[in-house]
Amino acid sequence: MDELFAPTVPDEAMALALDRVRRGAETGDVSELDGLALDQVILNMGPQHPATHGVLRLVVTLDGEVVRDVIPVVGYLHRCKEKLAEKRTYYQYIPIVDRTEYMAGMNCEWTYVLAVEELAGIEVPRRAEFIRVIMAELNRIASHHVAVGTFTADLSPLGTAMAFYTFRDREKILDLLEEAAGARMMFNYFRFGGVRFDLPPGWEQRCRELMAEVPKWTDEYRALVEDNAVFLSRTIDKGVISQQDVVDYAITGPNARASGVPHDLRRTRPYSVYPELDFELCLADHGDVFDRYKVRVDEMLQSARIVQQCLDMMPRGPVQEGSLRAPYVITPPPGSAYIAQENPRGEYGIYIVSDGSRYPYRLKYRDPCFINLQLLPKLMRGNKIADAVAIGGSIDLVLGGIDR
Amino acid sequence: MLGILKALRTTVRHLPQKSFTVQYPEERVELPERSRGLFSVVVDVPTGEARCRACTLCETNCPVQVIRVDHRSRYGLPAVDEGAISARRSQRHGDVDVGPIAGLVAGHRVSGESLSSILRRVQRLYGYLPPQALDELSRQAAIPLSEVYGVASTSGDLRLSPPGATLVAVCRCPACQVGGAARVEEALEEALGVCSGGTTDDGLYTLGSVAGTVACTRPPVVVVGDDVHFDLSPPRVRRLAARLGARRGAE
Amino acid sequence: MDLFLDILRGLAAVILAYSFVFISALVNIVFERRTLAFMQDRLGPNRTGPQGILQSVADSFKMLGKEDFAPAAVDKRLFTLAPIMVMIGAVAVQLVIPYTKGWTSQDLNVGIIYIVAVTSFTVLAILIGGWASHNKYSLVGALRSAAQMVSYEVPMILALLVVAMAAGSLSLNDVVSFQSGYQWFVFYMPLTFFIFWIASIAELNRGPFDLPESESELVAGYGTEYSGMRFGMFFLNEYAGLTIMSMVTVTLFFGGWEGPGQDLLVVYGVSVIPFVWFMLKTYALVFALVWVRLSVPRLQVDQLMAFAWKFLIPLALVNILASAAIILWAPQWKWVMAGFSWVLFLAVVVLFDPLQRRMLRRRRAKSPMLTRG
Amino acid sequence: MSLQVGDIEIGLAEFAARLEERFAGELTDVALQPPVTVVARLAREKLAEVARRLHDLDETPLDCLNLISSVDNVGSLECVYHLYSFPANLYLELHVEVPRGTPVVDTVSDVWPAADWHEREAWDMMGIRFRGHPDLRRILLKDDWIGHPLRKDYVDDVRNHPYV
């Protein structure tokens, strides 16, 4: 019977948390309620936990309700994608890239294809550029739907309305993407020098109608949540990311813009046809959980505007640079390139080193969630468990990108 | 509280709206034409022939066992050119009467004996395992063709090509193996000019293997047709190989 | 002879009480799931039975069938005692509820105080369940729910007292008869109704107050270690509570069984039409409970406490003092009470958001310097 | 004053010239990679000190560490520090050669806190130790994994897969 209660051998993260508690006890930094002999509880939130999006494990040291320390443990979804790159030709690697950050398949593929085009000096026809922007922005809206929906579901009892409205609207976008690219999430649609198919007939009209609906959707989300007294009291002034944190921890994407940092790669390091499109940067000034939610909803509107402009400005013409269609083998000259691009979660960059052969010599991802996750312990310290869950939800993590 | 009232008003406005759910088995979502959600036979546009050769490998490897390969295509696609395939086969194997196979398979379903033992019975019928027989067997017993072929090609004593007049079988039992069966086999391969399991081009000899013989007390052992040669030291093997080579030359 | 009739009547009352709890629990499960579904543009369970009516029956059979084991480190006796106790609250309250014109199981003259006394059993049961499960999650969940239920009973009692003062008696039948002629208390005292209803939501651990078993943080709160029929008892109690609490609210504020066409159908001295009205009003309130649960996120523990002690209880105190003064001294006290209550109620509803936003903005201004350097 | 991006108008060539003139001895073969990147090499010993000075450059400080990539050029290992300057909105790629025998280099996590996990990943995948790193553990692989997978001469050890 006693082996039932044999203390499980704590792995490194648990051991680190235990000795931090022990060191805390020696230096007198014991629990707030010094009167009571309350020792701290180490709680394992994850890797299966309703609040951690995907297989993230947080070793949380609790002092009653207050979170005293958090040690994130990642790697449960590690698929060694960077090692795979050494074994796959450039062309075979495209479907693997859009499985890193599976919420934004189009953006990931675009970054990889952009990097290889930079290395190999491939030109992209103008119509393909516009199709790429449309696909990326549609994927951004769908990804923000998931982010906002699951974040609100974390705050409220099971079966909250917001989660279902966002996912219902996302379905419509995914149907559009399936018509054009053939798949709902794992697209494999981009090619070097363009995209694989042209848009099916009648697609543009359906897309224009759907983009006209986006403002109606966002008004409904705002009405449901933004004046809600309970929602405000749970999100305002919680988990504030200061601009100093943004610079020190290289935070990018909606999390940075919510703190007032106008860093958006579509504007600061323009690529493709973005300079010709006019859209505003959605900024907020307090950088708390509420602002991060608000920035994401505003960005949905901006993305819809971009898609409408692209549909108007898109010329006729080929969709993929002719010479690259048949032979699927590309051997870019030796050299290295770091190309980054604005993914719904931040700056998603790929650093490729090529040695002239058919296989990339080394491929390194700059994943926005991996870097935003570093700040989580600093944000969660000192808050209650409920706040910690809200902050985790507002940072919007996708474990596929973190673990690669 | 006005904010909460506004939220309440938003949710109640959804009460009368039509629901979004598609009741799957009764109603089905029709996938767009370009969707990669379903398996489909890829048709090679220039020749108009389906690129699938019905090799049933997908059927065997599918983890959720949802694929059934049926040569007679139901989708009205340009069917696999069966005539060309069977013509090529019979030209190499001669037309094979596949009647008795049904009886064998029926027995199998009753007695439940394993696939390899059925294949041995089929081999006893035709002397080897012709592709048409494997085809018929897989269709009758509803076992994917690639699985039948897998079993047929791996086990040592099942032959996929017609045997030569006499069978030269090198014994592979542990005793002979230790006794130097490998050396014997090399010598015979040189002499007959054919690798193990193959048949000499003039169809006289087939170099096969056997799992054990009566004479295995005096390894290594080779069975040529009916007579058994044992205790084959290197010189005796060379003499046997030369004699086989010569006889082949003579005829 | 009448002794035998009394015994029979008592027996019928007990059977009615228990069957009512189980049937209303089953009905509520399906009712809530379907209403939630329709409000979220989906269908909800519609496969078992016509339009999914038998879904909760299927659930309860599954719940009965599931293996109901107790983990090794559990305090055996308390672990089994908790689910049994949890149903006491829901069943015992029906002793005093006037279902229809001729039928109240036992018209106690201390009805209102009896209700409050009995509903506090569930707090005890949840505490015992949480403590006995010997699990971090359930311990935190149980302590949270104990704090929440105790601190929301205070405004609930204060609201009930106002009703008792207005009706002049503690017995529920008198309260119902006082409200006859469509002079329901909800029209005269909307503020009291507002306080009572919010406190009752918290009492039921539902809607924005379902902290004890909040999924995102505590996995399943006090119910984490329970499975099978033991968990079923907690589950049934939560859903039965919906109807029971709505019945109490209807009796106190919406004129109980009063409705047009009262004496049309009388069976053995018990008129049936008012029962139908009573049920309609109850299920209107149950719909409101489900509606609130869908649209309002969950409160935090400290906000829960702050809302109770810093807002609801002072409001209830002001309300009870003012009502007492009005009932004693005001000549036409009903109209004065209505005026006062409506003004205060609208003030609270309108001013709550701006005040809260100002408080949040002030807290934001105090937060650390955001900009560089 | 809230943070601005790219408010100091400075061209790429001019930015490279400023760097070359400020770090004459240390930064070698500075090259331009239009449109936004300057590439330079740096000796391993000078890393910690140069990093601090780069971070505190007067007008265009390279205040943000975007990424640390580790590359295995068979002869030696190489750490690539991708730095970004918010005021100048330009990138600097620092290549630091690390010998294969003793793959040790100073940590920069005290200068840029973002470097913490990048260095842990470089240690986990490429086996480069960072002297002075607060808690250099494996980040993606199992704690007791043997070997560093992204090295070109990596052979997968059977003890890494006990359950297969």
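The letters A, B, C and D name the chains in turn, as written, and every chain counts its residues from 1.
The criterion applied here is as follows: a residue touches a chain if its C-beta (ideal position, glycine included) is under 8 Å from a C-beta of that chain, and two chains touch if they have at least 3 such contacts.
The structure presented is a predicted model; accordingly, all values stated were derived computationally and were not measured.
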Minimal step count in the chain contact network, chain B to chain D: 2
Identity of the chain that, by mean CA position, is farthest from chain D: C
Rounded Å distance between chain A and chain B, as computed from the means of their C-alpha atoms: 48
Intercentroid distance (Cα basis), chain D paired with chain A, Å: 23
Euclidean distance of C-alpha centroids - chain A vs chain C, Å: 42
Chain B-chain C separation of Cα centroids, rounded to whole Å: 70
Multi-chain contact residues (two or more partners), chain C: 39-42, 294-296, 352-353, 370-373
Touching two or more other chains - residue numbers and ranges from chain B: 1-4, 7, 10-11, 14, 20
Junction residues of chain D - those touching two or more other chains: 2-3
Partner chain D, residues of chain A touching it in the complex: 11-12, 16, 74-75, 78, 80, 82-83, 243, 246-250, 260-263, 268-269, 285, 336-338, 340, 347, 349, 351, 353, 361-362, 364, 366, 370-371, 373-374, 403-404
Touch list for chain B against partner chain C, complex: 1-5, 7-8, 10-12, 14-15, 17-21, 23
Residue numbers on chain A that touch chain B, as the complex places them: 161, 165, 168, 171, 175, 178-183, 197, 200, 220, 223-230, 232
Residues of chain B defined as touching chain A within the complex: 1-4, 6-7, 9-11, 14, 20, 31-37
Contact footprint of chain B on chain C as seen in their complex: 37-43, 291-292, 294-296, 348-350, 352-353
